[in-house]
Amino acid sequence: MKLKMLQIFFLFSLLLFSSSHALDFCVADLKGPIGPSGYSCKIPAKVTVEDFVFSLGKAGNTSNIIKAAVTPAFAAQFPGVNGLGISMARLDLAPGGVIPMHTHPGASELLLVVQGSILAGFISSDNSVYLKTLKKGDIMVFPQGLLHFQINAKGKTAIAFPSFSSPDPGLQILDFALFANNLPSVIVEKTTFLDDATVKALKAVLGGTG
Amino acid sequence: MKLKMLQIFFLFSLLLFSSSHALDFCVADLKGPIGPSGYSCKIPAKVTVEDFVFSLGKAGNTSNIIKAAVTPAFAAQFPGVNGLGISMARLDLAPGGVIPMHTHPGASELLLVVQGSILAGFISSDNSVYLKTLKKGDIMVFPQGLLHFQINAKGKTAIAFPSFSSPDPGLQILDFALFANNLPSVIVEKTTFLDDATVKALKAVLGGTG
Amino acid sequence: MKLKMLQIFFLFSLLLFSSSHALDFCVADLKGPIGPSGYSCKIPAKVTVEDFVFSLGKAGNTSNIIKAAVTPAFAAQFPGVNGLGISMARLDLAPGGVIPMHTHPGASELLLVVQGSILAGFISSDNSVYLKTLKKGDIMVFPQGLLHFQINAKGKTAIAFPSFSSPDPGLQILDFALFANNLPSVIVEKTTFLDDATVKALKAVLGGTG
Amino acid sequence: MKLKMLQIFFLFSLLLFSSSHALDFCVADLKGPIGPSGYSCKIPAKVTVEDFVFSLGKAGNTSNIIKAAVTPAFAAQFPGVNGLGISMARLDLAPGGVIPMHTHPGASELLLVVQGSILAGFISSDNSVYLKTLKKGDIMVFPQGLLHFQINAKGKTAIAFPSFSSPDPGLQILDFALFANNLPSVIVEKTTFLDDATVKALKAVLGGTG
Amino acid sequence: MKLKMLQIFFLFSLLLFSSSHALDFCVADLKGPIGPSGYSCKIPAKVTVEDFVFSLGKAGNTSNIIKAAVTPAFAAQFPGVNGLGISMARLDLAPGGVIPMHTHPGASELLLVVQGSILAGFISSDNSVYLKTLKKGDIMVFPQGLLHFQINAKGKTAIAFPSFSSPDPGLQILDFALFANNLPSVIVEKTTFLDDATVKALKAVLGGTG
Amino acid sequence: MKLKMLQIFFLFSLLLFSSSHALDFCVADLKGPIGPSGYSCKIPAKVTVEDFVFSLGKAGNTSNIIKAAVTPAFAAQFPGVNGLGISMARLDLAPGGVIPMHTHPGASELLLVVQGSILAGFISSDNSVYLKTLKKGDIMVFPQGLLHFQINAKGKTAIAFPSFSSPDPGLQILDFALFANNLPSVIVEKTTFLDDATVKALKAVLGGTG
């Protein structure tokens, strides 16, 4: 019987070999061409378990004015998620820390708080505010493309892990979009109703020109 | 031969009737249940050509401080586009008119200028600015979820028609999201780096509280 | 404070740099490989605002027998729309002009009339006819894959801009599919019930053989 | 040990019950509301194996002028495929039988010949013709939305089973779209270049008016 | 100026009201009809921040033979994720605890370890094994539909949070699929090569019949 | 008139040429880069009708212990289905033949029986069994990602053709995933509740180690 069984083995091996496992996963080949659906796939023979594992175990550096750090595990950092419709990041919020108002243009976010307490919120298209103080073990979902933020709600460091519904969710931070580039002040003012002094001050601080 | 032909007619009629044309289109029944993919479909027997036609021929009222008007033809106004992955709107920009900084959380936009001249721009996730003065006949694409704006670039009224890659693209206007609701000023300040006076002034003007 | 602010700048710059903006957009590299979801993406560093802007300002040449012209702004002509689920074209219809019966195999169409008057229609799977004379400012949606057409309804030139729910909607013109190639006449006749004389006459005119 | 095992059973039963199996499948409730993604789902408790099985074992009636029959197993006939991205049909082609020129607006087709021989073809957007005589065991794919047809290639009855990449692929038969409704003859003529006599003759035969 | 500003407010309020925020999110109405894309949407007026927040803060009961617990936050438990392409769960693994071999038919999984150490693995279509001992802060991705498992790798309780690329990922536990129902033993044996004694023993333990 | 007609021909030829037919289809270039949405597209000029046709007319070799054969026509074997959301295979089941318990991680299956009789079944996430003896002409749908199997139900050879809702559906055969690789026996035992003797015996037969 064993010999016959081996026949199955060879039969199916043949079948399985010929139907490459391209569809099971598509680990990003960061040097290959990129298309609308993501990075090219690494050759299966070169894929190892390390492609599917990433460490978010180390705190980001929060010695900065927002007292916060974001460590992404998107497809560009974590090639294993390419094409799989999911990714993650780590947020570290020192006391007083803030993740400023931002959007993810291409994904919804599901935030898990694992330490400390975080005041989180988002604003919908009809300008309603959804605001909640989250504690350890709480999760909160931020629908795709809407403005949202996270603020450390207590005197101790908070840690949270946002998951995203895309391997490449994008991140547009409002203040950097408005003030950290060469978008002319006059245009910022006309399109935000902010006054010239405010715009120029923030541009100066955030490295913007114009 | 005619009789035999009628046989085909009956044969196929039967076939075509039994495979309802649910897939051809799904005109929104605005009173039915809504799901993640859009509105429920109107009964085909009640669908008429009027469901597929909408007028954007009338200028919006620009007698307001932004000297601009947006007239949407999304699924809620124009039920024929429900489920079809597309919609449109009309922009009227009087001299000095501005469509303030905003995003569409669920769609890319393709803007067509049909009268006048418009200075349009968007900012990408890496804070690059893409800015262009558009004239009649120009089209410009604004990728999904990114901040963008339109400003009348000349002394005469401009008219433009944005198309969207969704029947329900959403519209989040930055100033309204920040200042036209009850999001507490202290939170706006922490998450935008704006000062208290600026935030309170804009909240007062735009009807916000807190 | 400014120094500390610069720390944010560096922190976030690092973050934003490492999470390339591949997801914001994917401007077509027309010389790269093509996949089922579209063209490869141009390297972000080489992308400029010109990639996102296209002119449909010039009338097409209507000195032909259909007295009409179609000017496409699909991904192949307008690389900025690649991957964004939208594109556009321009129709010019001289007096008597006609866009013949056709389908877009991969997209719904939303037509905007900006000059003149157009008689437009589509036929659904159950053979119902949806017919309407459109005037300036009217929009009409043609659901994906269905036969439709546009006819100049008045004595003056009409201009319209169709938007599509795909960057590459395709265009199959019925008469060209049937008569402008080497599909044998006998097959055309069997599958359309047209007689041999009609088929051969149209093949002769449209350059078909067989 | 058995008692402890039963504990797992209860634990997981609870889990599995609370996460209803809505995602496994969505058998069509043909009387419920329809949305852009398909029919509403039947209550799982009422679903039986019969919902997932359908018979295409009986030949369609080919006693008609096209000497052919199409028997669909789309979501409307076969509720089990609703939401699953696939469906099937049966083609019977008596000697001389033809499935006339048609499109499926919302699906690609993969045809399997199980008896006889069929001459099949499709025409692409650039008017290229892809034509092949298929024998028993051959499969041929017709890309989404393109015009195609099937003709019995031999003197005996042929049977084939087309699969579709949608539970509701649609079916637009060219001659019925043009001649079996009230689309005015003058419009058919203008948009197809067919002459008045041809159009009126076919309208008469196929039951069209106007 | 304030009065004029109020004009904007009214203008835009009108606009925003008419374009309902159906697209921003679709909180599940668990009592409404379900379709292939998910649950019906709760009326926006009844949506509160509580719909977007869920607690996974409490350990599941691991007093069972697998010494493990799974607490889901899928759309059925956490209506806020409906339609947003993401969900989460909590795994508690007491010392010796195991999440048995299983698949998620409709989603990829991204597992985050927050306490203890977990030996996790998946098997691809070509039967390759991807196996890794994860420590606190590690994440591992399990591509859609593939068999995978998690085992507590140390003597202390482990906690992990899997995210999923669907609001309703499904969960098919191998042993329950084979042995906890009325699938006849003879069929289990023929399709798995397991012997009759093994099958009957496991059926007895897991509550199966036949 | 003919000359003017030729003008159309040239006009449209130009148009059609410039909007390449990339969207009509994307025949797999098996040597080009692969991305999450499939293989790169062959250059249209090199595409012939043979790319769209494949033969499943020859019986697979059933001289093996399962007395069965699977012949795939997935994108890797049949490049024409790449990007089209559909594929097919052929099953041959000699008397006593079995297609063992398996899943397709990325597709639903629609099985057509063309000869003999097959006992087929699948198990849902809530462990319900859906079991049916299919005869010639019957079709049965197996929802995406769920365990299922096929057994020859009679004394004669059975033939069936499964269609899939993906050009690359994948195939994970349970016994091969568990026993035909280097997954350590102790892990198989912990995650399946099978005993050591059973696991080692099957590993020996199926070529597994560890």
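Order as written gives the chain letters A, B, C, D, E and F; numbering starts at 1 within each chain.
The rule is simple: a contact is a pair of C-beta atoms (placed from the backbone, for glycine too) under 8 Å apart; a residue touches a chain by one contact, two chains touch by 3 or more.
All figures in this text were calculated on a predicted structure; none of them were measured in a lab.
Comparing the centres of all chains, each the average of its CA atoms, the largest separation from subunit F belongs to B. Measuring from the averaged C-alpha position of subunit A to that of subunit E gives a distance of 20 Å.
Centre to centre, using the average C-alpha position, subunit A and subunit D are separated by 41 Å.
Subunit A and subunit F have Cα centroids lying 34 Å from one another.
Among the residues of subunit F, those touching two or more other chains are numbered 16, 19-21, 23-24, 33, 35-39, 105-106, 124-125, 127-128, 131, 143-144, 146, 166, 170-171, 176, 180, 205.
Taken as a graph of touching chains, this assembly has some other topology, since it is neither a line, a ring, a star nor fully connected.
Each chain pair that touches appears in this list: A-B, A-C, A-E, A-F, B-C, B-D, B-E, C-D, C-F, D-E, D-F, E-F.
Put simply, subunit F touches subunit A in their complex at residues 33-39, 61, 63-66, 69-70, 72, 74-77, 105-106, 166, 168-171, 173, 176, 180, 204-207.
Note for the complex: subunit E touches subunit A at residues 16-17, 19-21, 23-25, 44, 48-50, 52-58, 73, 78, 80-81, 84-88, 90, 107-110, 112, 114, 122, 124-128, 130-132, 134-144, 146, 161, 163-166.
Those residues of subunit C that touch subunit D in the complex are listed here as 98-101, 103-106, 119, 121, 123-125, 127-129, 131, 143-147, 149, 151, 170-172, 174-178, 180-183, 187, 190-195, 198, 202, 205.
Remark: subunit A residues 1-2, 4-9, 11-12, 15-16, 18-24, 26, 29, 32-33, 35-41, 82-83 touch subunit F in the complex.
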